[in-house]
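Below you'll find a set of structures to go through.
Both complexes below contain subunit A, partnered by subunit B and then by subunit C.
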Partner chain A sequence: MTAPAASTDVVTLRDLDEPGRVPALVAFVSAVAWLLVGSLLGLVASLKFNFPDWWTGWAPATFGRVRAAHLNAMIYGWASLAMLGISVWLVPRLVHAPLRWPRVATGGIVFWNGAILVGVLALLAGWTDGLEWLEFPRSVVDPMLIVAGGMVGVTLLGTVLGGRARHLYVSVWYVAAAFVWFPIIFVTGNLPVFRGVESAAVNWFYAHNALGFWLTAIGLGAVYYFIPKVLGRPIYSYQLSLLGFWTLAFFYALNGMHHLIGGPLPTWMITTSIVASVLMVIPVAAVAVNHHMSMVGRFASLRYSPTLRFVVLGAVAYTAVSLQGIFTAFREVNRITHFTHWTIAHSHVGVYAFVTFVMFGSVYYVIPRLVGRDWPDGRLIAWHFWLALGGIGAFVLALNLGGVLQGLALMDPQVPFQASVEAAAPWLAVRSLAGVVLTAAHLVFAWHLWKVLRRAPTVGPLPPWHDPRPVVVPPPGPWS
Partner chain B sequence: MLVSSAVVVSVGLLLGAIGLGAFIWAFWVGAFESLDEQARCILDERDLRMRRPWETPGQARERRRLYGGPLEPGPGEWGGALGRGGR
Partner chain C sequence: MTRIWALLLGATAAMTFALVVLVAIPRVQLRTLEPDPQVPPYTATQLAGRRIYVSEGCVYCHSQQVRDPSFTYDTLRGWGRPSVPTDYSWDTPHLLGTMRTGPDLINVGSRLPDRSWHLLHLYQPRAVVPWSIMPAFPYLFEVKPAAADGDVVVVPPSPYALPGRVVVARPGALALVDYLLSLDRTKPPVATPAAGAAP
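Let's turn to the complex of A and B:
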């Protein structure tokens, strides 16, 4: 690897990619391993709704432990690690500077994996903080995550600050902001000073912001890169992309309290959250219009590009989950959907149909550029896509319908509680079937990744997209 | 309730202050100028000149007119091997 010169110069994409290659590969491979672990845990948890007496004699396999292990393996294992991988690959390309301190980034990603392993084992052993999205023991695992994330964050923010691009593309804003926001909300959520309803308020402050300021931020950053990159044309409106970013930054922070509608909290707190949720229509509309208009007239590209196929569907899911979230934040809707499977469907639209699909598409684009060879089998990509789409479609449809029926039954004082359980039962069976399909999709994906990684290095000319294409590096930007 | 309200509000304000500070800084360094150039900064010559098989004849003509003779895409150019038999 040749370090780029300090002044106006020409480097190559390979120069920019190379330092981030190892940390990105470690992140992607371990992310997919956690995807498989999390899928199996989720499947076991789902089956326990259909067969409540199944596998109850062994405490680690009981629902309360398996469900928490599934959630944390997926959020912090799969999604976060995939996002770390995308970030260390994407940021150097965008700021025209190689990744700073790549060994620190690799160490951080390895340490992050260690934290997840300890955390998942702790949850299965019954050691939990008992807070949604914060189940990992705060005395052991959370400090490890802070250190590990900090190691990666320092390398990325250092790369941005030392960047030499003339402009900070909107994806850099999203990714860099995520690495500033996440430690703040994570530390706040883990402060060990809250009890009872206070704890619930801070818990949802964290959990909702983890979705908006971490998963959404890096997910949208990737969408804003891959759609124009594959289409070979700029995003429809760069103004709208900036509007979307800044309004997310200003309006999102207080959204979380809408999860506590009906709870013993001050009315102003809930109302403020509902107002903030409604304000989210601005960034959501800005992003949705921008992505849609960028694709208009070019939807045929989805037949050719697996990356676009996943990323565009992920972008559509972002719009869907955001509008659903705004809708659900209204008290009249929330009193029906709260405490039902609707919420589970909603979170899966966000974390799976949006974030996971964007990560799948990103991995399909990035891995060949990291290893210098193409994915070996287009049929496996097609299988992966259709299984994932079919699985999440059935999952969301079933739990949305089942959740509403369950909620209506719960609302009716004439209906016994048992009826609400029975109303949801058939939909829970569909959910488990969808879980089987999703797990199959992930196995196909993991198998394909294994195949591309174990193939012999390309002999002869590299694919054209891997050639050392020149990148003109201008004088330092104002942030350098 | 006082403690959690104070924390949530103060951290919310901190997040807002960080955003506001970043916004003012971005404005000051000219991050909201030359937006058209910013939108194009991720695209290099190969991205712009490459033939896209999904484009209509009109779109392809426009691409040639703006950026010159087309470059042929390589296998897996669009993020995977879908073009080689997978649908």
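Let's turn to the complex of A and C:
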């Protein structure tokens, strides 16, 4: 591919953004709708632990169905749609070429929504494949997802290949690779040829890589874009970006069996994954240093940019969840925490405090640029931020603690099983309260989105809360 | 060619490598595994029950695997011997599970072999285990004025008793209990060439 002569033309950001406007908007708005659906499902699932006799007469409301619907609505509805939105918006900017075939992308996003709708209803009706993270019926919903995702993937890869940028920015690596990785793992995970322990191995190969090569990849891609973009300074180190990307690619893909530590698989498989988990220190440290060093000296900008506030917190959570995960992968720790709510806490640090926060930040940045007017009310952003932060903080602390207590009770053969249920119970009540707070945060967010969509275009300069004001930069510290 | 191809090829290579290590090689290794004759295939009713176990999401609260005593105290809880791959020869989808909100169930059929206990427990767990947080599954049962011939009746104690009416298990509940009673992997496994699984 050689750069066409047209590369000397003056291309404005608006030209690059324009074709991706509709698909990105459809993706973000539908993502937020799924966030609300998923929140209600999560809240119902959580309350079922506290009130096991509440709403038991109707099969679709039983815990097992609601929980599956929650996971799938959140991961494939909210998170994945927000990621599709950020991808179609980001890639054209970074490769300096407008989105190819934007109607195909819009069609793919609409079709993806249809698949999720069918899938969530199927799960509530009790129609499931029964594999965690792969519950959607493989005869109907999974092929729909492959076609829909393929439509978006083709437009993105077409855009990248036709791009004019001479240098591919880190975010493009993550996003483009994610659209290659996801179809490979998703098809593998759904092959109907595995049974017994092999089925378990492939299940967790998929589920782990869905986290590492789909959610994490696009999440990190967005972080790599927004921190330098909002601050107006380059990312700290290109070499660290390279190191982080390739070590993630090679080590993370081998992590899956750490979900089955102690399980009836050949020992070498589990050991391989534990070793690979420990090696994850390298990409995690590379990414953490890179992001942190890009922020150093500019932390005051967090006050002015909601995008930065959400994205930087998400980046910190990425480091935290990874370190927690590495810790959890050690046999000595895992024997206690494996089957407990500790894992649920870890899950939500990853999918909420990291991925969801980064997506919140992305929405705050992109929506004004899609609709040509700013968020009408800074206070609503503040409410959203503090409710989400407080809610997830309480959720995670409660379940980490409750999970350890539950695990220690399970590890003591002298105490009856009852003790592990009772040890976790108060913390499960705290989790439900946290769920109410998180749901409130999401309602504020959705209400604000509704307001910005309905509002008349702003006249004059945009208010400042998505662009940093100049801040006083402290004198160079020991690192700079 | 531009670097995008290097990127896409490298990314595919990383994933392919992992596929070989964690999917292809285990497939070759596990294929040599003969089913254990002490673990027969599920009957049609047991399979129907297993489908209900799957659709009602029992797996989100119950594991079906016992870890090695060198590693945990699972065996001291009376949950059975450490699990081996041949315990699962007929399992699709697998139900190993990742949570123990409730006890492990891989040997529940040997531990609790009473059908009426299970039926009552499914109808209302707190009627048998007061501290339980397991959901009740009343929709697997039917409440009618009088039992017909062949009905399997569940008699809930107070305060769950329904005066003047009877609780009858639907076919789904009976199949589910059939499946639960089939969960018994307590006999020592018959050694097979690749049964080298430990923690």
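Just so we're on the same page, the second predicted complex is superposed on the first by the 451 of 480 C-alpha atoms of A that agree within 3 Å, B and C clash if a C-alpha of one lies under 4 Å from a C-alpha of the other, contacts with A are read in each partner's own complex, and residues count from 1 in each chain.
The criterion applied here is as follows: a residue touches a chain if its C-beta (ideal position, glycine included) is under 8 Å from a C-beta of that chain, and two chains touch if they have at least 3 such contacts.
Because the structure is predicted, anything quoted here is derived from the model rather than measured.
Asks: After aligning the two structures on subunit A, examine subunit B and subunit C and state clash or fit.
Replies: Because the two structures are overlaid on the shared chain, the partners are seen to clash.
Asks: Applying the document's definition of touch, where does A:Val160 land relative to subunit B and subunit C: first, second, both, or neither?
Replies: Touch status of A:Val160: second partner only.
Asks: For A:Ala177 in the superposed arrangement: first (subunit B), second (subunit C), both or neither?
Replies: In the superposition, A:Ala177 contacts both subunit B and subunit C.
Asks: If we overlay the two complexes on their shared chain A, which of subunit B and subunit C does A:Ala201 touch? Say first, second, both or neither.
Replies: Both: A:Ala201 reaches subunit B and subunit C.
Asks: Pick one for A:Gln418: touches subunit B only (first), subunit C only (second), both, or neither.
Replies: Only subunit C; A:Gln418 stays clear of subunit B.
Asks: Touch test for A:Leu131: subunit B only (first), subunit C only (second), both, or neither?
Replies: After superposition on chain A, A:Leu131 lies in contact with subunit C alone.
Asks: For A:Ala253, select first, second, both or neither according to whether it touches subunit B, subunit C, the two together, or no partner.
Replies: Both partners, subunit B and subunit C.
Asks: Just to be sure I read the superposition right, which of the two partners does A:Trp450 touch: subunit B = first, subunit C = second, or both, or neither?
Replies: Neither partner.
Asks: Does subunit B (first) or subunit C (second) touch A:Pro234, or do both, or does neither?
Replies: first
Asks: In the combined picture, which part of subunit B sits where subunit C already is, 1-9, 37-45, 55-63 or 73-81?
Replies: 1-9
Asks: Can you list the residues of subunit A that touch subunit B in one structure and subunit C in the other?
Replies: In the superposed arrangement, which is not itself an observed complex, subunit A uses residues 168, 177, 180-181, 184-185, 188, 194, 197-199, 201-202, 205, 213, 246, 249-250, 253-254, 257, 265-266, 269 for both subunit B and subunit C.
Asks: Going by the contact rule at the top, pick out the subunit A residues touching subunit B in the complex.
Replies: Those residues of subunit A that touch subunit B are 93-94, 165-171, 177, 180-181, 184-185, 188, 191, 193-194, 197-199, 201-202, 205, 213, 225-226, 228-235, 238-239, 241-242, 246, 249-250, 253-254, 257, 265-266, 269, 297-298, 300-301, 303-309, 361, 364-365, 368, 374-382, 463-465, 469-471, 477-479.
Asks: Write out the stretch or stretches of subunit C touching subunit A in their complex.
Replies: These residues of subunit C touch subunit A: 1-4, 7-8, 10-12, 14-15, 17-19, 21-23, 26-27, 29-30, 54-61, 63, 65, 67-68, 71-73, 76-77, 82-85, 87-101, 103, 125-126, 131-139, 194, 196-199.
Asks: Okay, in this complex, where on subunit B does subunit A touch?
Replies: So the residues of subunit B in touch with subunit A come to 1, 3-5, 7-8, 11-12, 14-16, 18-20, 22-23, 26, 29-32, 34-44, 46-48, 50, 52-56, 59, 63, 71, 73-87.
Asks: Contact residues on subunit A for subunit C in the complex?
Replies: Interface residues on subunit A, with respect to subunit C: 1, 48-49, 52-53, 56-59, 62-65, 67-68, 126-132, 160-161, 163, 168, 173, 176-177, 180-181, 184-185, 188, 194-203, 205, 209, 213, 246, 249-250, 253-254, 256-257, 259-267, 269-270, 272-273, 331, 335, 338-340, 343, 410-413, 417-418, 420-422, 424-425.
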